[in-house]
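Going in written order, the chains are labelled A, B, C and D, and every chain counts its residues from 1.
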C-alpha cells in the first residue's frame, strides 16, 4: 500500500532469453541441446516496488547463473529442466512463492557425410520452435508444452462456403482453395510425470497428419480436428490451444493477359490475414487454468 | 460436444493487421491517421468448429471490409473507432455475443520547410507505437490503451543494492549504473467516455517525466513510481500494467589496456535481459479483469 | 544532364518481392514452387529522372503482372525463370538494355501420413533460403545462385591459435571450441545452360560435408575449404563467395559455483560476432564480375 | 594458391555490430553516443585461408577491444571515429593494407520535465538510423555517410502518368496518389576534413524539404530532385545514392458498400513494392568508386 489508495497488483520479474547450449560429449557421438530460457519469480516483492528495498530480490543475474549451473548436470527435456528450476527457486528462496519458467528449443540435425550422420557436426532443423512453460503457484505446478511457426499448406481439399452474408460481404464462396497456416499450439498436461520428448514428437506428428487428412470446410473445423486428434491419443493432455493465421493465397486473375488460371498461379499475401484461435478441451477440464495468463493470443 | 468427451473451449476469430490509412483532406492542411486493426469475434461458433457449418460465420474478409467502410465517415481516436466496430458486430450479427478489437497507431509529424510545418508532407515520428484494445463481453465493454517500444535511458541516478545473495550470486552492488528500458505499458479505463487522444498524450508525458525524476533503487521501484504517477493524475484509469526489460549496459573493463573507465564506455547487451512486469492498481480495482486475457507478458 | 553539372549515375527500378506460389496439379501428386521475385530494369531512363517523362517506363505494376503471366506456363528452376524474364524485358521493351532479376525460394516437404509422403499437404522445410540472381548487361548474361541462413555448428574439431597479439589482445588461444556459423554463399556460373536444381542440391551437400569434415584452424580456412570443394566438383562454377558470421559460443565459467565446465555448458552470444567474407575463384576468373555489384557483404 | 587452380579472391574479416555506448559526463549535462560498429580488415591473409596459419590475423576479439579502448578518449562524429580506427589498423598492424569500418548511430533526445530538457534522462529519437562507412585502400581513404529507414509520405501532389503500355499493363494513370517511401541514402564525400555532424543534419533537412516541395511525376524524378538539392548545397559531396521503395497505398473500392472514396481511405500494402535505385553525381565524378562495393541495393 502506498498510502494514496494505489496498490501493487500481480507482478513477476526475472531474466529473459538466457541462451543455453549444452553439449553432451561423454561419447564421440555428441548431443546438442539449444535453448532460450526465461525465469520469472513471483512472491513477496512489495517492498522492492514501493520502497526500493531489495532484500527479497533474487537478482536476475543470479537467476541466469542458476540456469547455467544447473545445466552442468544435464538438461534433458526442457519441461523437466524448467520443473527443476521451479523447485529450486520456490524451495530455497525466501519470499518466492511461485514463478513462471519458459523455454524455446531449437532443433539441430546431424549433417550427412557420405550418407552417414556425423558425430559432431550439425545443421539447423525445421523452421518451427518447440516451446515449454512451467508455472508454480503455491503447491501447484502446471506444464504447458507447445510449438510455434509450424508452417503447413494444402494445395487442395479445402473449401469455404455457406458463411453469413451482410451488406459488407463481397467474398465469393469457394470449393477449392489453398489452405496455409503457421501453427502455434500449446497443450497443458495434467501431470508432471510425462516423457515430454516422446509426447512432443507424437503431438507434432498428430498435428501434421490431421492437417493433411482433414478435408477442410473452414480453418475452425481443421483446428478442432487437429486438437481432437491430440486429446484422443494422449490421455495426459487435458487441453490444447491454437492460434492459427489463415495465410491467404489468392489465385491471380490472368484474364487481362488472355490466360486462364485453373488454381495454378497464386499471390501469397502478407497482411491482413485471418486469425483463428480456440481451445479444445477434455470434458471436465473446461475451467480456465491460471497458467494460461500472460500467453499471447489465447482468449 | 463432439461425442467423445472432447469439447470446444474459448475461441475467437477474425482479421488481423488490417492496414488502414485515412487522409482527412477537407482543407489543404491534411491530417493522416495510420492504423493496423485486428477484429476478432466471439460467440456461437461451435457448429463451424465441430461440423464445418459456417452459417454463423462473418467471414474475416467481411470484417476487413467493414473496417474500411466505417473509415469512410472518419476514424478519430483508435479507441473510439474500435468501440464503433464492437457495437456494430455485437449489435447486428447473429451469433456474435462479444469480441476483441485491437489497434496499433503509427505517428507522423509534418515535415518542416523553411521552419514551417508542411500541409501534406509527413515524416514518421518516434519509435514507439500507440496501442488500444477494446473488449465486448455481453453488455460489458472494456478499453485498454497503451504504448510499446518507448525506449528510455538514464545515464546516472540509478543504483541496485541490498539484494539477496545465495551460492549462485556473483553480481556486485552498484550505486551508479545506466538504467535503460523499452517501456510497454497498458492502462485500463473505467469508462468508455474519455478523450482518449488527450489522455494518451498526458499518460505518455507522465511516464517519461516520472522515469526521469525518480532516483532508481530498482527497476521495480521505478515502474511502480511511473504507474502511481499515472493513477494519481487520471481518475478515469483504474489500472496500469508494465512489461519493462532491463536493457543491460555493462561498463567495459579497460584495465588490460592501461585505461580506467569512470562510467564512460559501455557495452549494450542484447540477451539475456532482465524483465520486470507488474500491475499498479487503484484500491478496489484489484480484481483481475477478463479483458487482460490473451495479452502477452502480463501475469 | 540537369544543366548545373549534376548528372544521373547508375540506376535501376522495378518491383520487389513479388510473392509467387505455383501449384503443378496435372496429376494428383501436386508440386509446389514458392518464390519471392524481384525484377529491376536498366536502360534509358534519364528522362524519367530529369523531367518526369515516363514514356520509357515499364511500370513496376506491369513487371509484377508479367511475373504472374509467365508463371502460367510453368516456373522450373528459379534461375531459368529469371532468365526467361530477362530475355522478355530486354528483348521487347524499348529503352531497356539490361536488368537484374532476383529470386528467393522457400522449401516445402511433403507431410508424412502413416509414413507415406502426402500428395498435396506440405510442411515448410529447413531454415535456409535458396537464392538466385540473373543480370543482363547488353548481350551478356550472368547467373549467380546461392543460399542464405544455412546454420551449421561443430561441437568440437575447431581451434584458433597462433594469431597476432598486440596491446589490445586479450583472447586466449584454444584448441577446442564450438564453431557455429550461418552460411551465406553465392556462386557464379560460367554458363546459362545448367541443370540449376541439380547443381544447387549438389553444392548444398558439398558445403555441409566440407564443413563437417574439415578440422577448423580458423573460420577463414574452413571457408576456403568449403569453396574449394565446390569448385573442384562443379566445372560450371567459376567463383563462390561467402559471408560467414562467427557465432560465438562462450564456455560459461562455473567455478564461482564450485563446478568445472569441460566444454559442456555454453552461452550463445548475439552481438558482436565475427564476420568472415571471401571469394574463392578459379584461376583466370579473378577479374571482378559486374554482376556482384549491389550484393551486400561481398568486398 | 592452393595448387589446383583454385585461388583466394577478395576477402575481409573482422568484428560486426560492436555495440558501443559512451556517456560524456564532464558536466552534469550528460551527452550520449550510441553506436553499432563493424570493423573489417583487408590485407595479406592468404595463409590463414589456405593453411590455417593465423600469424597475420588480428583477432576479431582484438578489433572489438580496440573499439572500446579508443572510445575512452571520446568518440565524436562516427565518421571521425571510424577514420581513427582505420588509421590505427592500417598503420600499426603487419599485413593490414586496408579495411572497411562501418557505424550505425541511434538518436536519443532529452526527456522534457516541466518543459525543460533533462540533464541525464533520454528517450529514443526518430525511426531512422544514421550510417557511416569508411574504406581504406592503400593510401586512399573514402567516407560514405548516410541514413536508412527515413519514412516519408505525401498525401497529395504526386501523379504517375504517360508510362509505357504493353500487353501486361493494367495500371491506370493517376494525377493524385499517396507517395510514400522509406529513404535509404548514402553520399560520398570528396574529403575527410568535414564537419560530419553538421553536414549530416543539413543533408537530412535538404532531403526532407525537397521531398515535400517537389510535385512528384514519378518517384525517379523525386529521387533525382532530392539528390540534386544535396549536391547543389554541399560542395564536399560528390555523389549520393538512393534506394527508395515505393510503398503503395491503394485507395479502397467502397462502391460495393454504396460509398464513394475521394482519396480518403487507403490500404497500405506490404509486398510487392516498387523499388527505385539511382545515383546522382557531380560531373567528373561518374567513375564508380570502389568504396561502394559490398553495399546492398546500389547498382
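What to note about this one:
Basically, contacts are C-beta pairs under 8 Å (C-beta built on N, C-alpha and C of every residue); 3 or more make two chains touch, one makes a residue touch a chain.
Since the structure is predicted, the reported quantities are computational estimates derived from the model, not experimental observations.
Considering every other chain in turn, the ones in contact with both chain A and chain D prove to be B, C. Distance from chain D peaks, on a Cα-centroid basis, for A. Here chain B and chain C face each other with the same set of residues for the most part; over half of the interface numbers are shared between them. Note on interfaces B-D and C-D: more C-beta pairs are in contact across C-D. The mean-CA centres of chain B and chain D are about 30 angstrom from one another, to the nearest whole unit.
The mean-CA centres of chain B and chain C are about 37 angstrom from one another, to the nearest whole unit. Mean C-alpha positions place chain C and chain D at a centre distance of 22 Å.
Multi-chain contact residues of chain A (touching two or more other chains): 19, 65, 69, 168, 170, 256-257, 270-271.
Contact topology of the protein chains: fully connected, every pair of chains touching. By the touch criterion given at the top, residues 167-168, 170, 256-258, 270-271 of chain D touch chain A in their complex. Chain D meets chain C in the complex at residues 2, 4-19, 36, 38, 40, 42, 45, 48-62, 64-66, 69, 92-94, 100, 160-166, 168-171, 216-221, 223-224, 227-228, 231-232, 239, 241, 245-246, 271-283, 286, 288, 292-299. Only residues 19-25, 30, 32, 34, 65, 68-69, 71-72, 108, 111-114, 118, 120-128, 150-157, 178, 205, 208-209, 211-213, 249, 252, 254, 256-257, 259, 261-270 of chain A touch chain C when the two sit together in their complex.
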